[in-house]
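Note that the chains take the letters A, B, C and D in the order they are written out, and that residue 1 is the start of every chain.
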Amino acid sequence: MTERNGVRSGISRRSFGRIAAGLAGAAALGGTANLVGSRPSFASFKGSRPYKIGFVAPLTGPVAPEGSSMQKGFNLGLETINAAGGIAGHPVVAVTQDTQAVPAVAGTVVKKFIQEEKVDMIVGTITGDEEEVASKICAAAGIPVLFPEAGFWYKFCNSTTVMLGENSFDLCAPLVPFMAEKFGKKFLLIGSDFSFPHAYLAVAKHYISQIGGTVVGEFYAPLGTADWSSNIAKIKSAKPDVIFSGVVGGDAIGFVKQAQSLGLLPGAHLTGVNLQPEFYPAMGDAVDGQYAAVRYSEDIKTAANEKFKEAYHKKYGPAPIPLVGTTAFYSFDFIKAAVEKAGTYDPKAVFAAFKGVEAETILSDKPLRVDPNTMNIGYPMYITQIQKGGLYKIVKDVGLVKNDLKCEGA
Amino acid sequence: MSGWIQFLLDFVWLSAGLALVAFSLGLILGELKIVNIAQGDLMMVGAYSMYAMRDLPFLVALGATCIVGLLLGFVLERGVLRWVYDKGFMATLLATWGVGIVLEQGVATLFTVSQKGIDAPLKGLIEIGDVVYPTYRVAVTAGIVVLLALLLLLVYRTSIGLRLRASIDNVEMASVLGISPQRTFAMVFSVATALAVLAGALIAPTIAINPTLGLSFLAPAFFAVLISKPGSLAGPVVGAVAVEFTFTLLQAYFNITIAESVLFGLLALFIVLKPQGISWSWKPAREETS
Amino acid sequence: MVPAASSIIGFILFAAAGLCPLFLSEFKVGLIGLGLTYGLFAIGLDLAWGRTGIVSIGQAVFFGLGTYGVAIALVRHGSAPFGAAIGIALAGILGAFIAAVGLRRVSNPSTMAVLTLATTLLAEKVARDWWSLTNGSSGLYVPPLTSTYFYYYVCFVATTGVVGLLWFFVLRRPLGNRLTAIRLNDRRAEHLGIPIFRERVVAFTLSAMVSAIAGCLSAPWMSSVSPDRVGILLSTQVLVWVAVGGRATLLGPFVGAVALTYGQDVLASSMGESYLLLLGVLFILSVLLIPNGIAGLFFTGPQLTDTTPVGGTLPPRPPLAGGDVLAAEAIVKRFAGNTVLDGVDLRIKPREIVCLIGPNGAGKTTLINVLSGAIDCDSGSVTLRGEHIERTPPDRRVAAGLARTFQVPSLFPGLTVAEHLILARQEAGMATPLPEAYARLEREHAGLRVEMLSLSDRRSLEIAMALCSRPDVLLLDEPAAGLARNDAGALAKTLRALRDHAGCAIVCVEHDMEIVRDLADRVVCLHHGRVISEGTMDHVSANAEVRRAYLGLV
Amino acid sequence: MLFTANDVGGGYGAIHIVKDISFELGAGETLAVLGRNGVGKTTLLRTLVGLADRFTGEVKVDGEPLPARSPRALAQLGITYVPDDRGVFPRLTVAENIELARLSAYRKNERDVYALFPDLAHRTAQPAGTLSGGQQQQLAIARALATEPRLLIIDELSQGLQPSIVQALAEALVNVTRDGGLALILVDQNPNLAMRICERVMVMQRGEVVAAGASATLGADERFLDLLIV
């Protein structure tokens, strides 16, 4: 293990059995992969141990469903990359710990991974609150951190953060004009009452005003809202053309189910981050026919995606693949590309290598690129229509979303 | 006009569910004199039970869920609660809190944490004035009202209810008249658990099912019990209606967060004004005389 | 010896906490540092719950005020100590307010539970919604420490300091003894002269402030101060720490907080999501199996500090010029429509022994309760040495010279004889020597817990405690009830000797007529809430109305 | 023998209050327990019915020993206890209090208890907690009679009652015991009353029995009466 971050203690070597077991398991996996695949040669590569990633996610608490969705994708990605020979010929190992969706706990876990586990990189966390803490701690330690789901791109500027998720601009820019054109320009915004939905809907408002649309109502309900009937009544009386929803998590399902039972759906036009594919089984047929903007759909017809879909459903069953799970899965493509580009495990070099790095993913036949300016990935976006059974069928290929986002001072 | 119809419908629907939970909470508090923090988690178990049996006919699943509730209540009372009755208020609070964690995490392990949902057996809409309202809600509301009416009849008009109320009033004297406290406690907790589980089962089709869904029902149910007369069984039902009326009304004018804050504020004010009006452990006042 | 063993364990743990940075990694030191501040937080709760018996299920509110105080100051580049001071002050004010509302004499103990629960739920919402101050649910990011080790020692010293201050200026002082007394038996405490409302409010305010100090210290460990820091989850966690660690001990809350903070991290990393299930099961088991917590397994030592004053510090009450030391006039008391006292007049001269007799239900105990202030009368007046006291709370009546015992001896469960007398002398403000009969009890059974005493010794102890306040009037409720024949026979002699020794008047409810005959200077017979006869024993027993009342000749 | 107490000692927690009490009671027999306040009469009754801790001795009903804490077992054997605080259910109405007793009756019967207590007859719908003390006592006795017991154990029958009510109660009890074959253990402050109702008397002092015998004999004995009075 490399020496990093000051004092190294005797006790950390006598660390808990689980890590040793994890290492052994990963080595075995890597070994198998080596037998199967031909090992590429990395003569100049500086590194002689497994690459170690700390995975942090809310596995209990209110956003546990998203956290565990991400974990599924991450674990599949880890298996896949090791089966394919790992990074620069070295296996990848991971340690995982729960954040309970509490920022303070997330901070503790990230610190622990950096100081105790000596990880080379952090991947994970879901809520913006946790991510903000994780990003700041990683920046201070100089460790790269990857967020498969990130809404607050601007908060992570000048840090060591790579945002794998699409940002709110990617999501809203194609969707607002599409919906306005199809259904009308009267928008109603509804969201969960915490920072991400506020920011997301602010971006939506920006694009709504750009196309000359109007916002006929804007409501926020606290996370954990069980009853939506008063909000739904307000929506009904506002008679919007489009309901743009930033309701997330379990509330998104409750909102849709109640909107259906109160007769708002399926008649109204609902879109936004509310319509996550993994919620489809719980939402039932309430959202059939609705439109959503996504970067990934099971409808994407690339060979890599077919392979991924098969592996995923084989491992986790037929339920729809959550978006954040796909991101966590292909995060390894970028990690591999960046580390191999850096030619070393050195965290600063790896982070530098992320700038502008390109990787082949399941999303597209063309490689995707990390924007060196914003550390976001430039995604080709799709407008999809939800089919009966939960397939997000691509109805419009929007391509790369252009925006002039800049990190100030970057 | 339609606003008022909507308000009334929402209010009736919400009060019905809350009334059932509050009734069950009040039953446990009255008879066992313990504050059941796990009440919301019992509802959650009901919702998951319905999810597990989503392929069965709705009413069959509902019946089976009630049996699950009775069994769960019996196991909890015999296995955990009876050991803490004489250990004081905090011990019962902590024990039921522990039960809640175990239920939540047990369900999370069994079903994973991902969101679940089940379909309502009735999908139609009813038109009332110019408001359309889901048939399922109307049916469940009616069902709960009938159930509560039957329960209150049972409590106030039958011999079982008579024994129960006697036991709530004075458990020692009830035992002198042949009513076993142990059996009554086990029976009451089983039935109360089944009612909470049933409430969870009935609202399951209208919400997202996850292991923490019970949390949001706990506080209003407590408020409903607290503003009613201690030991009364009809009280929590009335309390639930009062709390939900206030809350629905507040929500019509404020956003939910402010509405909840105002509700909390009103509760605090209530405590200040009527310090003895609310009590979590009720004992008949006995004065010493020589 | 058990207390010594607990001191040794305490010292070892203290030393371990002090030395652990020398051989632990930075992260683990951070974790233990956080555990230490959580421990201080738990000590704060313990002050209210464990020591004083006040239920608080919203303690995180106070912790959060401290944490937010520091975090807001740091984020705005202000002075952290200033933020801390504001947070602690707000916690103190809020704590005092909640206590003043919820701990009134008329309040139910559960009122505090509701009030604190509502406060923590509301606080979480306020923290979530007051964006401009708290940054909503994202919370405030606290920059990482430049030196974990240095800050660990800051916390260690501060925690030790706060606990030390508490130990030497609260717990090892009369106040600490008073809090224990209130927890164990608030009625007895009140009738020993302890102002229970005031001390409870003080305890809860202190508890809030200590928790807020812990919150201030914890902010730098947290990385992020978010609304859950004032919320219900942390509020219940701290209850668990105290419950598992052990109430009313110094070590318990720290053991609980550090072990569970550290253990949760270990469990979370070693067994994934199901660790919460295991924690829940462990927690239920600990509630069922070790009600006194881990520390309770080791610590069974004395609960009180010897605060016996040296010499007399109380100025002697001026001698009464003449007339009655205690007088009750036209006392009326009704319970739910039943008139229990129906215009009772009673006058007690200094050093007089008056026995109250009467059939069951005559209102004797009610009269004692009205005189001692345990209940208020509906009308009528009570004067002690000429001062009206009918609306004076019991503790102040004790200070004015009125002490009492109860029909069923009311003592402090778990305390020894010596500890009872420490409390009594502390409240009296002087070390009154006891008459021989009671001094012997103190000599022979000093270290015995009251549960081990015979009924007769318990009654004696209660009287001894009453005597410590050097009362002008001693109210005794059936001092002979349940005593064996020889004990009861000696009682009259003992009480007369006591009167001669202490110089107090005695008002005594008694049924044993042999004792009454030996004891009383004057007998007052009550029936249906009225005095039907008074005078010498012979006079009263010859009274036709009295005989009718007793024999039920109708 | 309907009810037998052999060397019964009892109290609360670790405190012995009554010691070595023995007596027997056949069907229809009546026993008054007398003694000044505080001698342990109430504790004796509570020990017998299983509401206090029984430390020594045994209690037999129909020759069968009973467990130490067994209020319910006694109830099922037709033994009903009326505590000194009356133990009415305050939020149940008068009628419900009576009805509850009928539910747990030892024998099926429809004894018209209201006929014995006309005062209660027109208050059937009133919650028991709102009754006066005297009415509550009447209700407690009426309720006990409604269980159709073989043995009635009453603590402080006349406490806090008007003389006229006491008279009525006494007559009612005399009727049900002499004519109805009901056995009775009665504790009362009022020796005359107790001795009029009960054939036998037992006097307690400091937890022990100091005198026992027939009411008629002891009632004529001045020294005995002095044990009880002032």
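Here is the rule we use: a residue touches a chain if its C-beta (ideal position, glycine included) is under 8 Å from a C-beta of that chain, and two chains touch if they have at least 3 such contacts.
On a predicted model such as this, the values are computed, not experimentally measured, just so you know.
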Practice item. Please state, in steps, how far subunit D lies from subunit A along the shortest route of touching chains. Key: 2
**Study point:** Of B-C and C-D, pair with higher C-beta contact tally
**Key:** B-C
Practice item. Could you put a whole-Å number on the gap between the CA centroids of subunit B and subunit D? Key: 41
Practice item. Would you kindly tell me how far, in whole Å, the mean C-alpha position of subunit C lies from that of subunit B? Key: 35
Practice item. Mind checking the centre-to-centre distance between subunit A and subunit C? Centres are C-alpha means, answer in whole Å. Key: 54
Study note, to complete from the structure: Within subunit B, the set of residues that touch 2 or more other chains is 105, 108, 113, 257, 260, 290
Review point. Which subunit A residues touch at least two other chains?
Key: 59-60, 64, 68, 193, 222
**Study point:** Per-residue overlap in subunit D, given as positions that touch at least 2 other chains
**Key:** 37, 129
**Study point:** Chains grouped in pairs wherever the two touch, ordered by label
**Key:** A-B, A-C, B-C, B-D, C-D
Revision key, fill the gap. Subunit A residues touching subunit B in their complex are 59-62, 64-65, 67-69, 193, 219-222, 224-227, 229-230, 233, 237, 249-254, 257-258, 261-263, 278-279, 281-284
**Study point:** subunit B residues touching subunit C - in the complex, by the definition given at the top
**Key:** 35, 80, 83-84, 87, 89-91, 93-95, 97-102, 104-106, 108-109, 113, 219, 222, 226, 257-258, 260-261, 264-265, 267-268, 271-272, 275-276, 278-281, 287-290
Review point. Of all residues in subunit C, which touch subunit D in the complex?
Key: 336-338, 357, 359-361, 451, 455, 478, 480-485, 488, 511-513, 516, 525, 537, 540-541, 546-547, 550-554
Practice item. Spell out the residues on subunit D that touch subunit C in their complex, using ranges where they run on. Key: 13-15, 17, 36-40, 84, 129, 132-133, 156, 158-160, 163, 166-167, 188-193, 205-207, 225, 228-230
**Study point:** Complex contact set, residues of subunit D against subunit B
**Key:** 37, 49, 51, 71-72, 74-76, 80-81, 83, 85, 87-92, 96, 99-101, 103-104, 129, 147
